[in-house]
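Two complexes, one shared chain (chain A), two partners (chain B, chain C).
For the complex of A and B:
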């Protein structure tokens, strides 16, 4: 569904992605794990088009994506829940969700919003409050719900567990593994390698702008090198 | 009483123009965080282009429309040629760019038009209306009504239309706006066009009363900026109320104290308000949580 070949990207003169290859098949949950600064967020920013690509190729559902501007990528089926959540803080929870469905004006928007409230009941309680006043966990839920309102076939998730209490992290990972049943393919970028690999089908390990290991998630969890470097076991 | 009414009318007339300039500031500020100091030049262009198009034989309404359209095009050019290429620069740099653009537009107007003071006929004749011993020009009613119409139109635009919501979303979080499918470059261009058109409209409304020349923009920009700050930068309601209030302060001071003090008094009031309410009269506190 999503193929990345030889992807390079730079900030000014400093290259942070040095020719990266990965692929995500339809219906999979794939995770990219790695330490802070490995380039995981840059990878996702390239995929959603808000970061310039200096080399390589991104193909999504058979179409070249590299030169498609960011605002057109959601209509191709690619949504992102970005790092730092990036919700519309001045707008209410409901307005955030409606903006997630900016591309649509049909009756399904209300139904999708109902589904989002089923998924995250706390958002229904807070639907009329300014999103900036939500707790970190609630903001993360809102960011994911907003991305889903765009009816993606593939969802890019950037560090959904960052800075959250373990019980909230568990709740969020549960929702992510449930997305499979809804037919949404997921590319999950995480520092929380153990939590991410537990719900993923396959995983990639990223270090300083390169993929250093890849394989079935279960194998990666069992790999002694990964256990030592990322799982702290 | 008749004296007070007279001051009220003149304050509302000037205030309506300040309100329109302040609304222009608000739109661009909301979309980009930039305070566009070329906003006053849009008002000047609106008046001047109407004058010259009218003199060239165009009927007045057509000349005014042409002026508004041409000024909107100048706004688009300002965004495309000066603001967009500097994307990613700090907001202060962008503000300095708009100051440069303002000087450039003023200089160009001086060359293309001239250095004379110009006017054109009022829309509904020069006979004033008498109200309780005071008089009000019909053109003043046009200015006040025009400002109110623009305010209501903008309010509907931002609350009722998809495009208005796209502008609000872009102003709140540009990255997130792109991710939900909003073409933020287009939103920016639209904001500059809209803002310039509103400025030009103010110029068309006020020129029969105050007249115009190539250098009226700077003063209007400062007053409109002050009005926007008074009401709370970024809030259309605040811009509208702040502009009108500023006009009223000036007129009252000029009437009851001395016209020499009118600008000083207005700015003293603004300083006092901002001292006690730094967000302005209608500004909301930020709700960001870290």
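For the complex of A and C:
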């Protein structure tokens, strides 16, 4: 579904992605794990179109994506929940969700919003409140729900567990693994390698702008090098 | 909920506009009222641009100047009726806003503020220096709108002050209605979204540059129509209408009242139009008092008057 070949990207003169290759097949949950500064977020920024690509190519559902501007990628079926959540703090929860479905007509939106409330009941309670007043975990749920309102075939998630309490992190990961049943393909970028690998089908390990290891998630969890470097076991 | 608050706002506005004349001690106050309404109309455009979309313009007086001079020049040179001159001015303003805004609004940050500042100054310079066309700094006469005479023929005999009070009041209610409708429409949500986070706005499929441009063009039309109404009402227009101080005045009114709020825009315009009239007694201290009021509002009611007051009321209610 999503193929990345030889992806390079730079901030000014400093190259941070040195030719990445990865692919995500339809229906999979794939995770990219790695330490701070490995380039995980830059990778996602390239995929969502807000970071210029200096080499390589991105293909999504058989079409070149590299030169498609960010705002057109959702209509191709690629949604993302960006790093730091980036919800619209001044708008109400409901307005945030409606914006997630900016591309669609209202009848469909009401039904999708009902689904989102089923998935995250807390959002229903808070639907008329300003999103900026939500707790961190609730904001993360809102960011994910908003991304799903766009009915994507593939969802990019950037560090959904960042800065959240362990119990909330578990809840978020449960929802992510539930997306599979909804037919949504997921690319999950995480620092929390253990949590991410537990719910993923396959994983990539990223270090300083390169993929250093890849394989089935279960194998990666069992790999002694990974256990030592990322899982702290 | 929102829907009713929109209608409530419009009903209160209309009621105030209708009721206020019963308390006017003299006919002069119709003139002050009309001034407030015209300023409030221009500031409503600023609310859309700055309050909804988060973009700052320091050159909106340039569009007011185009609207004003369209009413002065088009009837004389092309024989257009003044009412059509208003439309022409709005169309020219919209086209210029599109051309100026298109390259600038692709950039983030304060580029629009700086570039629009340059645009406003440019318009003022043209109006000052193209003497053959605009008669320069002394200003130029503007033809009568003709609507008052028409109403008289229909048996509705209004004084000049009364007519302009009613007419600009009506224009303001229409302008506010459009702005309030925009607020809750998908386009309005898109504007407010990019105010919050441009990156996230892009990820939900909003073409950020295009939506910003729309807001800039709409607010330019508001300023242009307000400029036309000013010129028609005064039957005279000078290049000051496009001056930098006028641009700053619009932004100040919006910020004072509460830049995200249409009623705030109207209150801000009301206060800053009235204060100088009230403060004439203090003559040389007028600017000092104005400055002090602005500082106090910014220190104690940072969101502007209307949003801060609403918050206080709601806070007490809960």
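Methods note: the second predicted complex is superposed on the first by the 232 of 233 C-alpha atoms of A that agree within 3 Å, B and C clash if a C-alpha of one lies under 4 Å from a C-alpha of the other, contacts with A are read in each partner's own complex, and residues count from 1 in each chain.
Everything that follows uses one rule, which is that a residue touches a chain if its C-beta (ideal position, glycine included) is under 8 Å from a C-beta of that chain, and two chains touch if they have at least 3 such contacts.
These numbers come from a predicted model, not from an experiment.
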Which superposed partner A:130 touches (first chain B, second chain C, both, neither): first
Which superposed partner A:150 touches (first chain B, second chain C, both, neither): both
First (chain B), second (chain C), both or neither touched by A:141: neither
Contacts on chain A seen with chain B and repeated with chain C across the two complexes: 48-50, 69-72, 74-75, 79-80, 82, 86-91, 95, 98-100, 102-103, 146-147, 150
Chain A - residues contacting chain B, complex: 48-50, 69-72, 74-75, 79-80, 82, 86-91, 95, 98-100, 102-103, 105, 130, 132-136, 139, 146-147, 150
Residue ranges of chain B touching chain A (in the complex, touch as defined): 162, 165-166, 168-169, 172-173, 175-184, 284, 286-289
Complex contact set, residues of chain A against chain C: 48-50, 69-75, 79-80, 82, 86-91, 95, 98-100, 102-103, 128, 146-147, 149-150
Interfacial residue positions of chain C with respect to chain A in the complex: 1, 186, 189-190, 192-193, 195-197, 199-208, 260
